[in-house]
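The following blocks contain the structures, represented as structure tokens.
Heads up, the next two complexes both have chain A, just with different partners, chain B and then chain C.
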Partner chain A sequence: MDHSNVRSPEGAGDNASPTLSVTVPAWKQPGVISNHRRRVMKGRIVEVLAVLCILAVLLPLGDMIYMFAYRGLQVISIPKLTTITVGSASFVSGGLANAIAGTALLISLAAAITIPIGVLGGVYMSEFSNDSRLSEGLRFAADIMAGNSSIVLGYVGYLVFVLYFGWGYSAAAGALTLSILMFPYVFRTTELALRKVPASIREAAIALGSTKTTMINRLVLRFALPGILTGIILAVGIGLSETAPLLYTALFSNYLPSGALFHEPIGYLTYVVYVYSQLPSNGAHDLAYLSSFLLISAVLVINVVARVGLRKLSKV
Partner chain B sequence: MLEEEVLMNEENDALRGERQPLKRGEPSDQSAPLIQLTDFSAFYGDVEVLKNINLSIESNKITVVMGPSGCGKSTLVRTLNRMNDEVPGFRIKGKILLDGEDIYAPGVDPVLLKTRVGMVFQKPNPFPISIYDNVAFGPRIHKLAKNKEQLNAIVRESLQYAALWEEVKDRLEKNALGLSGGQQQRLCIARALAVKPEVILMDEPASALDPGATYKVEELMVELKEKYTVVLVTHNMQQAARVGTSVAFLYRGELVEFGAASDVFENPKNPLTEKYIRGIL
Partner chain C sequence: MVSALLGSSAFLFLFLTIVVLVIFSYPSFIVNGLGFFTSITWNPSLSGSVVTVNGIRSMSGASFGMLVFFSGTLLSSGLALLIGVPLSLGIAIFLSEVAPQRISNIMSFFVELLAGIPSIVFGFWGFLVLGPFLIHSVEPVMAKYLYFIPYFGGKVYSYGLPASGLILALMTVPIIASISRDAMAQTPIELREAGRALGLTDWEVTRKIVLPSARTAIAGSIVLGLGRALGETMAVVMVSESAVNILPKTFYYPINSIAAFMAQTLDSAFTDPTKMEIYALVELAVVLLLITTTVNVIARLLVRRGFITSAEHVVQV
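What follows is the complex of A and B.
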């Protein structure tokens, strides 16, 4: 590098200003170095802050998972999973079979209602609506549904299904209320996943003489499938974790569900967590811990399966 | 899905008695133009984008549609296969005759029309599925093959005609997105050919390709005109001069000049045409 063009300016060498030396290149002069160092320092500080934020989120989560895994695994056993809860209040023993079966039934019913309506609704919004006032209104309504507090939804479910329809505390009331909760997630993610399919694909299909329905069935849905499944899995995860909507619609039951959808209360895991954690009984606490562990594991497993499965599906 | 398509075909057969028949097959009169636009205007809402176009497109020729940006050439080409129908506010006046029949007549099925007038787009848009499934898509939805062997034959012939068969015959089940840009465009051409159209519309098919791929696509166009009729939209005047039989020059929605390629480029009659050719329009 040729430094011959770096010269000492007039008045160089006096105490008022730093000396520009002939042998040191311009970009290594003292003022310039500290600017660079300052930028590097700032970058490092922000990095550290970002890491701290991540830790602030992950540590409590990790602690929670650890605690429930520890206690849950202490308590878990085949009998605990396959026998029903016995007793209440200060004397609780038995297992979680009723709650597990109840949760499974409620989620299955809710999913069976939500998935078809949500997916078809999303297909309509993406493919057939023309961004009219009606579709804007539908979208807005779905977003509000998602934002509602679940306990209000539970109360509404109680008033409508349990009282007005006369179904009593029942699996049907609980499942329907859950499905209202889950619907917006499936609805919106389906629409978004479909909209992501590029217009060029649709154009190409139309130009080949495809009808709109064929194009949607054979191409668009196929490519939007990973996104749609994500929405469904999200909704199922949310449904699994809900308590309030079920408190007033499904109530609770210590007995295994008999399959009756009406007039028969049904148990579910989140109730166990909510109520049994506060009962003065070690047996109850054990069941509460076990339920929490089962719920966390279920959500974890569903998400992992979803990611792995979707990665495979996306490898078109 | 299959039932829906069978129903569609049955419906179409049943309705054919009430509709004007749009037959597939060789044009009845080789000397008459295959496509004839008569006093044709097109509107997006109140804006008239095509003004009183009178144009003849002859079969087995390459008709080039040229003009500055916004002159309406893409719109014109899209009216030929009714791709503009879905655009809100689009309406037309006048007639477009395909082999003597008005394609905008009330009983005409635009879906069937698209099997006779195919289209290739500027940016290659293969479906993200296998090469085979791409080409087989059209024949499958229109039930053009009775069994797997026939379908294989259609796919092979289409890829051969698009000069792509040798390059992909050993990897038909691979995803089409793994092909290069030029190969993807030839795949799109093969896909359009697989439904056995009479006319192929090409909207700047080589503008997204490098020169080598462009050359291959141009070679392909010249071969295609033996069996098909090609309508080509292009910005590239050298390309138009290389492959075009006739040239239509559009300016602000009006057909300014139309004639044999050599005439239009060497002896343009209209001063606008001359300005465009010289690059000063």
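What follows is the complex of A and C.
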């Protein structure tokens, strides 16, 4: 539209009089209003589309949670959780105790390896690294590892730990592979959490005569703790959900882990979903449903704790 | 000092991965040569006899070609982006621009929860619910009414490509949507106000100010989502129907991806007395590592400001 009839800058006195005589402002003219309405309508349509997009994603998520909760709760019982799996192929019965215990052992071992390495590595990146090219390189390496396909990592675990080190299919091979998978998440989130600690806190500590080590141990780590914990918990969630890195390192076992770390295959929950869902027996399907339900519940708890609980803590 | 050493373990892990993969794929590189990249046949030929070429033992008549898996990886990931990108951008717009803060927070939680669901559970759901729905209600209708589009006519065979693409799309959504949402929310308030002062509507502010100012981060998030789809293993195993030795001729054919094939095949490769099938599978791993690394480097270059990465998007404390 023509702007000249709205106002005429500085030259109000001279030949601009015909345009000034228009009393209806431009944005109130009939054509302009319908144009405006069309533009607002366009926005409404986009809003509706945006709502449809989120529904299109929440519907599958809701269906997934509902279906596995429904089927899982149909099957769940104390014996299913406390007895080991019996049989294989078309005759599977018993419970998931071996897989639950195996998952717990694998995750604890992997976390015990990866937390010290990841957290201390993150402390180095945030507090000690003066060489920006080195730290940039380390960040890059961690990002490539995080973007790596988990089955590729599973192959590396198989070739190195199972074959080359001769550990066989074992808890050690599985847990080490998982710890490599979890490492970049702990490493990067620790660095981020530490960098968010305000400079004023560090300066106050130094001004009071504290050494750098004391400052990090007493103050910086304490302030960054919720962030670091969030990273650890989510890394545990990632380790818990993985199947591919364990297929050829931990294999699977129907028996409870004896505590031997080498040369003894070990069970885990995701394998039950993968293999038992394809077996031709109701007993196997029941275990696959129950295992899916347990995994989803664990992920839900982890997400609530990490995102809701710890976020509150970090604001105190 | 100790922490410097431990920090360097990032190098160690990457170095270990590369060295091991190169060593164990070397025999396959020598024996299979270029045919590995151009052949569609994967046949360990276990009934053949052992022959020695250049000092490396392999089975006579064995053929290892990656084309079926490579094309399946690209097709399923491409379809995933085709569906996932508009969906994710719609969600990001909803979370950052449309929804009130409370609703946005709750919905964000669910979208991020989607990222945490184990991929095998995703695959199991695809196998039980999505696949049957597609093959009974969607694919026949598409084949009936879209037959005039190339590759969309013909017989409906399998969950195959459509199910893999859809599942992968759902798995890329949390990555693309949450990074895009954060980037869009970071648009300076002055720019938004300037737009409003000029008389733009809500949508025009989003379209002309928010989206352009977030476009590098959005592009980076799409590439990161692509990285996730390319490397995804278990979900594809469950719904792709594991095609071997056949390229898809229509939209409804079974497919296979590099990662899925690797996960399914290593145990049967143990029966190859020359171990050549294992070496060939490791060569597949090298190819996959090269693909995901390239994609991640591109994503990193795109998302310069704030260097959001797949490791970081998990945590926004």
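Here, the second predicted complex is superposed on the first by the 276 of 316 C-alpha atoms of A that agree within 3 Å, B and C clash if a C-alpha of one lies under 4 Å from a C-alpha of the other, contacts with A are read in each partner's own complex, and residues count from 1 in each chain.
The rule is simple: a contact is a pair of C-beta atoms (placed from the backbone, for glycine too) under 8 Å apart; a residue touches a chain by one contact, two chains touch by 3 or more.
Everything quoted here is computed from the prediction, not taken from an experiment.
Novice: When the two structures are superposed on chain A, do chain B and chain C clash or fit side by side?
Specialist: Here chain B and chain C can both sit on chain A without a clash.
Novice: If you tally the residues of chain A touched by each partner, is the higher count for chain B or for chain C?
Specialist: Of chain B and chain C, C contacts more residues of chain A.
Novice: A:Thr211 in the overlay: touching chain B, chain C, both, or neither? Say first, second, both or neither.
Specialist: After superposing on A, A:Thr211 lies in contact with chain B but is clear of chain C.
Novice: Going by the contact rule set out at the top, does A:Ile84 touch chain B (first), chain C (second), both, or neither?
Specialist: Neither: A:Ile84 stays clear of chain B and chain C.
Novice: Between chain B (first) and chain C (second), which, if any, makes contact with A:Ala146: first, second, both or neither?
Specialist: In the superposition, A:Ala146 touches chain C alone.
Novice: I'd like to know which partner A:Asn130 touches here: chain B for first, chain C for second, both or neither.
Specialist: First partner only, chain B.
Novice: Classify the contacts of A:Ile201 with the two partner chains as first (chain B alone), second (chain C alone), both, or neither.
Specialist: So A:Ile201 only meets chain B here.
Novice: For A:Phe187 in the superposed arrangement: first (chain B), second (chain C), both or neither?
Specialist: second
Novice: Just to confirm the value: shortest Cα separation between chain B and chain C in the superposed three-chain model, in whole Å.
Specialist: 16
Novice: Taking the two structures together, which residues of chain A meet both chain B and chain C?
Specialist: Comparing the two interfaces on chain A, one with chain B and one with chain C, no residues are shared.
Novice: State the interface residues of chain C toward chain A in the complex, per the touch definition above.
Specialist: That would be residues 2-4, 6-11, 13-14, 16-17, 20-21, 24, 86-91, 93-95, 97-98, 107, 109-114, 116-125, 127-130, 170, 173, 199, 201-204, 206, 224, 227-228, 230-234, 237-238, 259, 262-263, 266-267, 281-282, 285, 288-289, 292-293, 295-297, 299-300, 307, 309-312, 314-315, 317 of chain C.
Novice: Where on chain A does chain B make contact in their complex?
Specialist: Interface residues on chain A, with respect to chain B: 130, 198, 200-201, 203-211, 213-214, 217-219, 223, 316.
Novice: Hey, which residues of chain B end up touching chain A in the complex?
Specialist: Per the stated touch rule, the residues are 1, 4-5, 8, 81, 83, 86, 88, 111-115, 118-119, 121, 123, 125-129, 137-138, 141-142, 175, 188, 191-192, 195.
Novice: Could you list, by residue number, the parts of chain A that touch chain C in their complex?
Specialist: 27, 36, 39-40, 42-43, 46-47, 49-54, 56-58, 60-61, 63-64, 67-68, 116-117, 120-125, 127-129, 135, 137-156, 158-160, 180, 183-185, 187-189, 192-193, 196, 226-227, 230-231, 234, 237-238, 240-244, 247-248, 270, 273-274, 277, 288, 292, 295-296, 299-300, 302-303, 306-308, 310-311, 314
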